[in-house]
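Chain IDs A, B, C and D follow the sequence of writing; residue 1 opens each chain.
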Amino acid sequence: MINDLMILIFAPLVAGILAWAFDVRGIREAIGFIGAAIPVVILAKTYQTVLSNSINYTITVGGFKLIFQLTALNWYFAAVAAIVGIAMALGMISTSRSGYEWLFALMSYTGVLGVFLSQDFIGFFLLWELMTFASFMMVLRNNRHESLKYFVLSVIGAYAMMLGIAILYAKTGALDFATIRQALYMDLSIGAISKGESALLFVLFLTAFGVKAGAFPLHVWAPGAYSEANQSYTSFFSGALSKAGVYGILLLYILMGAKLYAEFGTFHGHLTFAYVIAWIGAITVVVASFLAVLQEDIRKLFAYSSVGQVGYILLAFGVGTSLGFAGGLFHVLSHAVFKGLFWLVTAAIILQTGKTKFKDMGGLAEKMPFTFAMGLIAVLSLSGIPPMAGFASKWLIYEAAIQAHMPLVAGAIFLGSGLAFAYVVRFLYAVWFGQRPSDLDNVKEAPLPLLIGMAILAIPNILFGVAPGLVTEYINKAFGSEIVGGDYFKLVTPTGTYNALLVTIVLVLGLAIAGLVFLYGATTRKIPVTNTYQSGNPVIEDYNLSIRRNFYKPLAEALDFWLKYSWDRFYERIAGIAEDFADTLRQSFYNGNVQSYSWYLAIVLLILALWGVL
Amino acid sequence: MIGIDWKIVLEVIGMLIYATFMGFIFMGIERKAMARIQRRVGPPLYQPILDTLKLLGKKESVSHGLIYDFGPVFALGATITALLFIPIANFQLFSSNADLIVVAYLLEVPMLGIMLGAMSSGNPYSAVGVQRGLLTMVAMQLPYGLALIAIVQHWGSFKLSEIVALQSVHGWSITVPALLLAFIVFDIVFQAMLGLEPFDIITAPAEISMGPMLEYGGKHAALLFTQHAVQLFAETAFFAVLFLGGASNLIELLIKQIAVLFIAIFVASIYPRFTIDQAAKFFWKWPTIIGIIAVLLTV
Amino acid sequence: MNGQYAALIIALPLVSAFFVPVIKAISKKAVMPFLLLVTLAQVGIAGWVFNEVYTSDKPIIVMAGGWRPPVGINLYIGHFAALFVLIIAVISFFMAYFSIKAVKVEPLDKYAMLFLLLMLGATGMIATGDIFNLFVFMEITAITAYALTAYNKTGEAAEASMKYMILGGIGSSFFLIGIALIYGATGTLNMAQIAQLAGNINPTVAQVGLALLIFGLAVEAELFPLNAWAPDAYQAAPHPITVMFSAFVVKAGLYAAARLLYLMQAVSTWHSVLRLLVIMAVLTVVVAEFSALRQRDVKRMIAYSSISQVGMIAFALALGSQAGVDAGVFHMVNHAIVKALLFLGVGYVGIKLGGTTLEDFEGLGRRMPLTAFAITVGSLSAVGIPLFNIFWSKVRIMLAGVSAGYTWGVALILGASVVEAVYYLRLIHRIWFAGGGERLSESFALGAIMLFLVALILVIGFYPNYAWSLAQKAGADIFDVTRYVSNVPLMGVGA
Amino acid sequence: MIHISVYYFGAISLILIGLYAVLVKKNLLKMLIGLSIMETGVNLLLISVGYISGRSAPILSEGVGPNQAVDPIPQALVLTAIVIGVATTAMALSVAIILYEKYGTLNVEEIRRLRG
């Protein structure tokens, strides 16, 4: 039992290194898959024990005591990462081209698991950096600019966290979460950490976790990084890695919640610091969804959509009530599952057609029926159609937000889910329906491992949609208190109920009735899609009308006032200024003239003399 | 679940027949009232029923594939589901098992069904119809949400049956000033949900001739008409439940539904059609501001 | 073999340096193998000294000429000195082999002599227990460094050497003034005795003396305004010499400064000197990192990165706390390995492809995979990626820095290391994912050296406990002055 | 407490003159001369630290005992310092020769190929 945690965390890394060493097509896929499967097995094995007590394991490395712990809460996060990990591994069996990708994909898998399980800041920081570095290397292979933008932002986040850790270490003298939490709790009375310092700590940790979760001002790296990496890896990248940022925010609550509450009090009845997180989440949802709707590239669309969905989770945690946490945690699972599925579908499309722009695709429904069905399930789940997991978690977040009297934030969710519906249908139309371009006629269905991967991610979407009680009951155990009532199929909160099974049954009945009405009518004659507006003439290439490009041009016109400003250009300009400053500094200081160098020495001597006298 | 409670089954079947019938009558009223305002006689009330039966009776119906058939079926199925979760007068049906948010989302699900059918028809006009339908839906989502939030915050509960009970005790929602603003917002949004005049961009008859439903004929069109009828009945009932205190019996509900319908018809017959980005700008200006005021008043 | 044989670490290079002309007379080709042999012997002795000190846990005191201090000059080989003498020896051995490949300019015997004297100077600076002896070894290192920088006889080499000379000259003169003041005040040159008497000398003289001593060594240890010579010297010197510069010559200066700093703890205005040093160190890190950002020449870029990391070590040592000194020493050890690997790799590319500009590094992954892999591991480790060795010491420094109250300093250093990440990762992208070329043959032995260093980095990265315990003992050796004074057998005489 | 004697002023002024030469003069040779002036200044300072007025040079002969002579240690230090000064200046001049060959000038402003 003891070294289970070590195997759980480091099995993928070891498998990655082996896969990189034996860079032979067949072997490395097998090793990689085993590496991704081991965590799932161990997590399943430890499910029973985790419900009652936690499994601990400590090792001392370089003078630091690294503590790893598996409790009900981080078992949940690890399980989410494991499901998406297995799907990624299956996806990568068909899309990965070299051992390099297996090494860094599985290294980031180790990083995420380690981040979820570690109970002290050094282990947390170490695995956090490892995860960032591995995912960066996946993107570096394909595009330098995007990967550097991603790495600089996440390194700034990581170093902000490092500073925060150092300040906490200086103040409390401890590095592991338990003692820090205890020290901060006692600190309420002593007041060793002033208001300014706790504000600094809050901002530092918020930037660190905000970058990884892709919160509003720091989301610019997401579209580039998600679209440049190998697509089936991106399912893990956006499905599990963004959860590390969200887990960090949860950690912030656990460690410093009381302290921040004492320092900043409440604002209209909500915790001030939580209110800030809620508003960051709300703005992320709205901005990312608007940008997602206007994208022309399938990968960019899902990247922005992923940033928006993580915004929901931030918002849910920002609400601050226990129901908010339950909603957020449920959405962690549903987002990981349906977003992972979307990325695998994208991987299949790009693998088979080689196209990534919407204008080149179309009419693939007949050619790739299974992938289309999986895509449809993901569409239903993301846009929150009732019998799906996406709806259950979104419903919980609505309940929490409105119950906690955060109306405008709830309004943002409404707008966000409307936009989600819009860009998801746009994806459906541009890729699956409409006239098929002639060069896509011989497209075949995606290879088998990818299909299995999609199936693995599709099942939870339906299963947790029809029976959301399974997840909420586990969350209640994780939090130890009865947050969401009701049995496996019915969610009962103080202000509302949602019987998922009944809705499904009634929907099936409704469909049956409609089907009967349909069958009652005359027989149908099937004619090809091209025999429509051409009144019989064949639809040739140049008259192949379909509006896949600029699908939402009117919306872009309505928003042109806002679209002028882009955070991306803003950050690029800052980077440019910094680099120019560096250049001028170098030119002016190291100007090659020995005379000026000796003047520097003289100046230092002068300072020493003055310093001595002062 | 296993022990089927026969009483509910009978109620459901009766309600479905009643709702479909009344839905067609509402469509008839709509056409009749529009005609009357334009000083022409207009077709008899039961005209839509005749049209649907004619369409159903056609010998042969053209289809563009599985999804093309699945679209209307899914739309009608979803609308029926939505209907069965709204507390209609004294029949609770299944409303105790779902609340406002679930019903609000179920009312939007048929839109996806229609979109699926329209997109798979491969006709560019229907694609433009899909685009406009989605943009209208996106534009109205914020004010629609704010109105619903205002109600929930005022009555403090999501369950529709509880809201109806509270309204019968404390008087209708529109008597409360804040909820009156919400009523105005919801009414504008209601116009777009029904696809009536100022916001009938989705099926703009002159421009893209019936929009998404362009390729539909025969029994597919009949399905869509029935879906529209049931949707009409469900949305008016939803409106009545939320703002006009529901109803103790069917007659009272019917009166309220027709009253709401007439408001919509009068507005529809006056205003010309918005273009889609004007609609978006409009929705995000006035209704949203009123909605925010309503929400802040009720917090 | 009692302690006295430890003096061999000084005697051996000195004697063999003067034997070089004799060997040249016998046969010109024997010079380099002789150099290799001597450095190997040095490694042997240093190894023996290392385990002697670390097993007995007592420093070895070598009295020159049997005179007990403070009359005689004594060598104090404590934990730090033992550790670092071994590092110097090992790296010199590797560089001796590398010189056979890298240095083609004719008077090889002169090169061998200067090489040995440089190693001697650095070892002496670390081992000595007497401040004037420290000045003499510093001058030996300085002069051999001037000569070796100008060794290539090109315009740039001469220019770099000239700059280094003038600044080094001013620095060492002021160092001598410092010695004069300290000697005037305390009447002794022995470090241990100075530590005893530092408390009761008049504070302004002590502070000015200490400041001048640190100023002299700071020129050698490349702190901010005084390191203008360093990038040119690193770039112009032959490749093996650059490795020796960055791996231990700079560190000897830094160690000496730290030793003197902590000796004079009793001086009342000690903290103001510390704060000045911290400011200079942070500025070193920031300015060096920024200047490396848009470099066209990779060797100069890595020189700037080495200066900034040395600045980080100086920051750690100037914190004035035990944790700071331990972290600084740990970073010294890690930095020595990483920079040795990096400069070795870049130097080898410079020889094979005839230049170290960015264009030469395009598609290196395909042309020289082993060297490319070594440089990649070196750069990743320098950036501070986990599971490599510098990550651990960087974390230590940050923790020590904030707990010593310099939060702004740590913030600036972290900001600078973001810049460092950018230019190193641009280099890695250029090596692996840009351009191409056919595969060149790479020397087996150099590959073995590089792989040994890479293995060292990964071992410390994965399991840093042993390295950290060494660093802690060495740090205690510097910080714990009372133990230092008690170890030195002082005679009762003196002013 | 070291008593301030007139020699210190001489030594310090020599050091400042040397520093002035290095900082201001453009010609490399003049800078080197400045450097060696500074070194002599430092040596003078060292000697004057050990000087006790009224005593003779620290060469023990019959008339001069340990407490008649001046403190010998600084004298020894200066010996080494002078040797080091000579070595440095010799090295500097040889480098100056190479510089003149390669750059054709000794003006410090022009010798700036390595910069930035």
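The rule we apply is simple: a contact is a pair of C-beta atoms (placed from the backbone, for glycine too) under 8 Å apart; a residue touches a chain by one contact, two chains touch by 3 or more.
Only a predicted model underlies this, so the values are computations on that prediction, with no experimental measurement involved.
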item	value
Contact-richer chain pair (by C-beta pairs counted) among C-D and A-B	A-B
Chain C-chain D separation of Cα centroids, rounded to whole Å	27
Length of the line joining the C-alpha centres of chain A and chain B, rounded to whole Å	35
Separation of mean Cα positions, chain C and chain B [Å, integer]	79
Approximate Å spacing (C-alpha centroids) for the pair chain B, chain D	99
Chain A residues counted as touching two or more neighbouring chains	586, 590, 592, 594, 598
Where chain D touches two or more other chains, by residue	19, 22, 31, 111-116
Touching two or more other chains - residue numbers and ranges from chain C	162-163, 166, 170, 231-232, 291
Those chain pairs that satisfy the touch definition	A-B, A-C, A-D, C-D
Complex contact set, residues of chain B against chain A	1, 16, 56, 58-65, 67, 69, 72-81, 84-85, 94, 96-102, 105-106, 108-109, 111-112, 115-116, 119-125, 127-128, 130-131, 134-135, 137-138, 140-142, 144-146, 148-150, 152-153, 156-159, 215, 218-219, 222-223, 226, 275-277, 280-281, 284, 291-292, 295-296, 298-299
Parts of chain D lying in touch with chain C, wherever the complex brings them together	1-2, 15, 18-19, 22, 28, 31-32, 35, 38-39, 41-42, 45-46, 49-50, 73-74, 77, 80-81, 84, 87-88, 91-92, 95-96, 98-99, 102-103, 111-116
Footprint of chain A on chain C - complex, ascending	162-163, 166-167, 170-171, 174, 204, 207-208, 211-212, 215, 219, 225-226, 228-229, 231-232, 269, 272-273, 276, 287, 290-291, 293-294, 380, 384-387, 391-392, 395-396, 398-399, 401-403, 405, 407, 410-411, 414-415, 417-419, 421-422, 425-426, 428-429, 433, 463-465, 467-468, 472
For the chain C and chain D complex, residues of the former touching the latter	132, 136, 139, 142-143, 146-147, 150, 153-156, 158-163, 165-166, 169-170, 172-173, 176-177, 179-181, 183-185, 189, 202, 205, 231-232, 235-236, 291
Residues on chain D engaged by chain A in the complex (per definition of touch)	19, 22-23, 26, 31, 108-109, 111-116
